[in-house]
Amino acid sequence: MRLFSPQQLAQNAFCPQDYEQLAESYLEKGLFAYLSGGSGQEHSLADNRKAFHEIQLNSRLLNDVSKGSSELTLFNQTLAAPILLAPVAYQSLVDPQGEIATAQAAKTSGIGSVVSTLSSQSLEKVAQAAPPCKLFQLYLQNDDAANQALINRAVEAGYQAIMITLDTSVQSVSLKARRLGFVLHQQVEAVNLRDYDHNQNPTGKTLFQGLMAQAPNWQSLGNWIKQSPIPVWVKGVMHPDDAIQLKQMGVTGIVVSNHGGRALDNSPSPLRVLPAIRKAVGKDFTILMDSGIRDGYDVFKALAMGANAVMLGRLQIYALAVGGAVGVAHMLKLLIEELHLCMALTGCKNLTDIRADKLFIQPTQIQQSL
Amino acid sequence: MRLFSPQQLAQNAFCPQDYEQLAESYLEKGLFAYLSGGSGQEHSLADNRKAFHEIQLNSRLLNDVSKGSSELTLFNQTLAAPILLAPVAYQSLVDPQGEIATAQAAKTSGIGSVVSTLSSQSLEKVAQAAPPCKLFQLYLQNDDAANQALINRAVEAGYQAIMITLDTSVQSVSLKARRLGFVLHQQVEAVNLRDYDHNQNPTGKTLFQGLMAQAPNWQSLGNWIKQSPIPVWVKGVMHPDDAIQLKQMGVTGIVVSNHGGRALDNSPSPLRVLPAIRKAVGKDFTILMDSGIRDGYDVFKALAMGANAVMLGRLQIYALAVGGAVGVAHMLKLLIEELHLCMALTGCKNLTDIRADKLFIQPTQIQQSL
Amino acid sequence: MRLFSPQQLAQNAFCPQDYEQLAESYLEKGLFAYLSGGSGQEHSLADNRKAFHEIQLNSRLLNDVSKGSSELTLFNQTLAAPILLAPVAYQSLVDPQGEIATAQAAKTSGIGSVVSTLSSQSLEKVAQAAPPCKLFQLYLQNDDAANQALINRAVEAGYQAIMITLDTSVQSVSLKARRLGFVLHQQVEAVNLRDYDHNQNPTGKTLFQGLMAQAPNWQSLGNWIKQSPIPVWVKGVMHPDDAIQLKQMGVTGIVVSNHGGRALDNSPSPLRVLPAIRKAVGKDFTILMDSGIRDGYDVFKALAMGANAVMLGRLQIYALAVGGAVGVAHMLKLLIEELHLCMALTGCKNLTDIRADKLFIQPTQIQQSL
Amino acid sequence: MRLFSPQQLAQNAFCPQDYEQLAESYLEKGLFAYLSGGSGQEHSLADNRKAFHEIQLNSRLLNDVSKGSSELTLFNQTLAAPILLAPVAYQSLVDPQGEIATAQAAKTSGIGSVVSTLSSQSLEKVAQAAPPCKLFQLYLQNDDAANQALINRAVEAGYQAIMITLDTSVQSVSLKARRLGFVLHQQVEAVNLRDYDHNQNPTGKTLFQGLMAQAPNWQSLGNWIKQSPIPVWVKGVMHPDDAIQLKQMGVTGIVVSNHGGRALDNSPSPLRVLPAIRKAVGKDFTILMDSGIRDGYDVFKALAMGANAVMLGRLQIYALAVGGAVGVAHMLKLLIEELHLCMALTGCKNLTDIRADKLFIQPTQIQQSL
C-alpha cells in the first residue's frame, strides 16, 4: 500500500535514500529493475555513487550563516535550492498523475522542473502544474517538422528553455529488466509524440547504418539553436572539448551527465569530469549536473566540484512511486535540509561560497604533513 | 544480565573492543543504535576507523624501556596515561550511576575526565567522584545567564577547565536509531540545565534562520574566553585555520574531533587532519583527539600523528553499560596495557618519544626501494 | 537441455557474459571448473577482469559515424570486426561438432578463427568449415618431424599463418578442477597428433631437467620461422623485450596473453603490459590480445590500449556449450553490437580512431583540476 | 582421521595452502585458533598476505633453464631450495613426534631446519633427526647460566648457528584462542628448559617495570654474540637501522619477520620493509624472511624483494598436523615445484637470477605508457 499522508511518510522515510527501498517494496520487480538499473554491466551506475563517496568535506567552526540561503536565480526565477527535477520519462508507470504530480511537488518546494519529451502527460498539461522555472527536454526526432512543432508547443506552453538530450543516440535498457521480461512499450505511450511519425525503426544492418545514421549532428544541433525562440541547453556532456564547442555554438547551459548510468556504460561518473569541464567553459557558464545524487551532501559536493545546480532523476521517481506529489515534496524537504546542514557546518552563507576549498583533499603522502 | 565482578569481566572481555559486542547484547536495539550510530549515511563513522587501519607501526628491537612510563602532566596533574573520558551525554541511559560511575573509573585508573553539560547526574555530584584532572564540557546555551551560571558552578565544583563543544550547532540523531523508534527526550533529563530555559525551539523556516541564527559565533566565544576564570578549551576543531584562530584568541587547548562521526557526515577522520593542525599550532600547544579510538594501538597512532592525549567516548559508554564503574576500569586497564605494548615494541620510553618516525610509511613506488 | 534455436538463445542470453552462467548450468562441475579455472591461486584470472574494470571511456556528443565500420583487414581478408576465435583445445568436451561448429560461427560472423594443435577435429576438417582468415596454432612438439609435418599439413589445408604458443612450456590444470576429480586425458584425444609420438613424459627429477629441458628455445623458434612457408605468429608475449626480439626474428605478429590466466599465475593482466609492448614494437606491427575479454566494451578497451584485434577463448567455449554454432554466432552478434555502441558513443568511425584519447584517465590529484 | 600415506595426501592436498583447511578440520577449535591466529586485531596477520598479493611477476618466453636449479649454499651446506622450517614451538600439540617429524621432513626434502627453544622434543633428539643445515633458535632467558648452557648444548648437538628471536619480549596469545578458552601451558612442557628456572613471573606494576625490565638489550646481545662459539643470527628485524646495527655487532644473518603477525600488531608485512633492509645491509649479507608465505610464488617474491631464503611456520605445522613427517615432505614438494615453475617461466636459472626485474611494477599513471 502506498503512503500518502505526510505523517506516514515522515514515519517511514528519514532521508532521501529511504525512498529507494520503499519504492522497491511497492513496485513490480521488472519495473523497479528498469527504473533503478543502468546500461551494460552497470559499471557507470556504480561509479556514479563511488565518486561521491570519495569526496569529504571540511567542517568549520563558528560560521556566521544566520543570513544563509540556498537560493539560486535561474531564468530570472528564484529557486529555493539549486535543484531541478530531471526529465524522467513515462512517470505514469509509477503514479497515475505522473509528471503532473512531480511538477506540483517542484512548484511547492520552490525548485525547477524539466519535462521529458517522453512524458506520459502532455507537455501542455504539465506546464500548468509546473513551477515558474520549467524546461522542456527534447529528444530530437528524425522528422524536422515534429521537432519544430515540439519546440513551438513548448514555447507556447510557457517553458523557459529547451534542453536537448544528446547522450542517448542509442538507448540500452537495463539487462536486469530485460531478464525479468520487462517491456517498456507495452505499458506506456509517448503522448507528446502522438501526432508525429516517431516509430521509424532504422533499417541499416549495423548500428552505424541504422540509428547512428539518423542521429543528430553538430550541424542539425546548430540549426535548432538558431531556430529556437527560447534558450537551448544540452544534456549529456562528458568532455571539456564538447562543452567548449557547445558554448561557442550558443548553447545557454549544459548538463554534465551520463544519464544516471543509462547511456554509455563504462563512462566515468560526471563528478569526475566536472572540474575539467568547469575549467574549460569558465566560471560564468551555467552547468547542471546529474547522475548519482542521493542526498543533500551529494548536492553540496556537486556544487563544490563546479556545478551551478543539480537534477534529480531516480530520487524523484522513487518518491513519486511511494507517495505521489506529497512523497516527492517530502523527499525534497529532507534533501534540502541536508544541503543546508552542509552549508551551515562548512561555513557557506550562499551557493557561491560552495567552492573547492570546502572539500577535504587527502595529502598524497601522509608523511609530508607530519 | 550485566557483569559486575572483575572475574566475570576478565573472562568475557579480552580487549577494549569486546565491550562493544557485549554492550550490544545487553542494550535495547534503539538505544544501542543511538549510542553506536553516526550522523547521515555514517561515512564519517566508517572513516574514523578506516583512517586508523591505514597506519602501521615500526617494530624495533632491544629497546631499553625499563624506565618507561605513559604518564602525562595536564593542569599540574599527573595522568597515568594520555587518556580522558569524553563528555558523553546522559549516561544514565545505560547505568543508574551514570557519570558518577565513569568518573570513579577515571579516578581509579589515574586518567582524566570530562563531564558533559548534558550529564544525567549534576555536575557537582560528578565532581566529587571525579579524578583531580576534570573538565566541564559546555554546550553554549542561548541564555547568557545560563552560560555564566554553568561556568560559575563548574569553577566552584573544582573543574580545571571549560571545554566548549562547537561542532554540533546542529545535532543529527542516528537514522538507524530513528528508524527503530528511539526518542532521546522521553528517557533523559538534562539535570544541569533544570533551572534554565534551555528548550527554546527555534522558529525560523530554515536551518539558517533557526538553529544557526542562535549558534555561537567568534565574538560570543571570545567573550566567554575572557570571562571564564579557568582555562577554556574548544572541542570539534577540524581545520588548521580554525585552530590558529582559536589559539590566537586565548584558547588553552583544542580537541580535534568530528564528534565520533555524529557531527557533519562526510567530514574526514580527525586523524587525517591532525598532522596539518599540529603543524599550524606548533609543538607546544595542547591537542586532544577523539573519534574512532577503539584500542591502545589507536592511542599510540593518534599521539604519533600529533595529539598530546585522546578522549574515549563509545568505549567508555559500552564498558559502563556492561560492567558499571568496574567495567570502565577494566576496559581502561586493557587499553593502557596495549598502549604500553606499542611503546615497548617501538622503543618509546615516554610519550614524547611517540613521534611520526614510529609510523611505517609505505614508499609510494615499491621499485624505488628495490 | 541445451538451447539451439535463435529464439531460445535470444530469450536467455542478453549479453555475451550470460553464456557463462548458462554454460555452468549445463556442464558437469569438474569440466566447468577446468574450462573456467586458472592456474595456481587464480590471481591472474582475477586480474584479467580487474584490469578491464579499471578503465573508463570518454563519451562524446554528436559524433558523425554514419559511415562507421568495425572492419579490419588481416592477411588480405576483411573481417567484420577485430575478433578471432582463440585456439581453445578439445572442443568436443562441450559439443560433438566442436571446432567445426566454432569455425562455422566465425565464418558466418565474418571474423577470424585460430585452430588448436589440440583440436578434437582434424585440422583439415576444421579448415573446410573455417572462414578465409584462419590460422593454425602450434604447440611445438619434441619431435621435429612432427612439427614439420604439422606445418606442412596446415599450409596444405589453407591456413594463412602458424601461431606458435610459447607461454605454456608448463601447463597447470585448475586446482578446482583437480579437486573435483577432473582428468582431461580420459575424455579427449589430440587427433592432429595421432600419427606422432607426442606423449613422451619427461624423466628428469625437477622441472628444469624434465619439461624445461625439452622446451623450445630462441634458436629452435628461429628455425621454424625460417622453414615455415607461411607467416609465423607468437602467442603468449608479456614483456616488451620479448616482443622486440620476436619482431627482429621475423615474427609477423604477436598475441599479448597470459593464456586466460592459465599460464604463470601472478602474471599481470595482458592489458597492463599492452601499452609498453605497443610502444616497443611501434605502431605498424600487428598485436592481438586475449585474456579477460567478456564483452564488446573490453574489445574497445583492448584496442584503445594498443591491440589491433582480440581473441576470444572462454566466451567462445561457453557459447558453444550452450548453443553450438548458433550459440557462438549469437554471442558474437551481441559482442559486436556492444563494440559498435562504444565506437558510436565515443566517436570512432573506424578502428584506427580507437586510440588512448578515447579512455578516461582520472587526474591523480582531484585538486589539480579544481 | 589423519592422513598418512603419500597417496591419501596427494588426493587431498593439491597445493601447500590446502593443508590449512585440512588442518582446521582435524584440530580442536581453540588449538587451531592459537596456531592460525595473530596478535591484537590481526592487522599484521592480514597484511602479511595482502603484501604478497600486491606483487606480480613478469612472464618471459623461451627461457633456457634446462640447467636450472634452486640450490642454495648456507653454512657450507647445499640446500635443494632456499627454504628452512621455522622454529615453531611445542609441535607435540599437533603430532606426537613433533619436532622430530618436521626435522625428518626437512632432511628428506633437502632443506634447512630451525629448532625452537620451546620445542617439545629435546634439542639433542631433534638434532639427530635434523638435516645438516640446522640452527637452534634461542629465546634469551633471564638466567645467564641457562643461556650459556643452552648455547653449549646446541653447539655440542651439532647446530650450526644460534638464531636469537628478539621481536617477542612481549608475547600476545591470539584473542580468538583466548575467547575459545585455549590455555597453552596446560598442554605443553618446554623440555629444553626443564633444568633451569624459567618461569619467573615479573612483578613490576606495568609492562615497563615487569617484562621489559628483564628483556635483553643491545649490550646483553653483544655479550652473547662474543661468547657464542658458533655464528649468531637475529630473528624479528623490521627496520633498516636495526639491521645495520646488528650487522656491525657481528651478527651473521637476520630474519626479517613480524613473527607471522604474532608480535607487534599493526606492524607492516616484512615484505614491505625487506627492500629497504636489503639496501641498508648491502647485497652480501644473509637475509631470511618469514611471515605470510603460503606457496612457492611467495618464496619467489620474497627472494625478488631481497631475501636469500625464507622460513615456513604455519605451512609446516598445518602439514604436520595433517600427515606427520610425510605431510610436511609432501607440502614441501608442492611448494618447491611452484618455485621451480616461477623460475622457469620468468627465466631464472638459479636463485641469483631472482631479482627485482622479475617483478611487474604497474606504471603509476597508465597514460604515461600509452
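Residue numbering begins at 1 within each chain, and the chains themselves are lettered A, B, C and D in the order written.
Quick note on the criterion: a residue touches a chain if its C-beta (ideal position, glycine included) is under 8 Å from a C-beta of that chain, and two chains touch if they have at least 3 such contacts.
Computed from a predicted structure; not experimentally measured.
Chain copies chain C and chain D are related through a rotation whose angle, from the C-alpha fit, is 90° to the nearest 5. Interface chain A/chain B: under half of the residue numbers present appear on both copies, so the contact uses mostly different residues.
Of all chains, the one whose CA centroid is most distant from that of chain D is A. Between chain B and chain D, the centres computed from C-alpha atoms are 41 Å apart. Measuring from the averaged C-alpha position of chain A to that of chain D gives a distance of 59 Å.
Chain contacts: chain C has residues 55, 364 touching two or more partner chains.
Contacting chain pairs (ordered by label): A-B, A-C, B-D, C-D. Only residues 14-15, 17, 53, 55-69, 295, 297, 301, 337-338, 340-346, 360, 362-367, 369-370 of chain A touch chain B when the two sit together in their complex. Of all residues in chain D, those touching chain B in their complex are 40-41, 43, 47, 55, 166-167, 169-170, 172, 175, 178-179, 206-209, 211-213, 215-218, 221, 234, 236-239, 242, 246, 258, 263-268, 272-273, 275-276, 279, 305-306, 356, 359, 361, 364.
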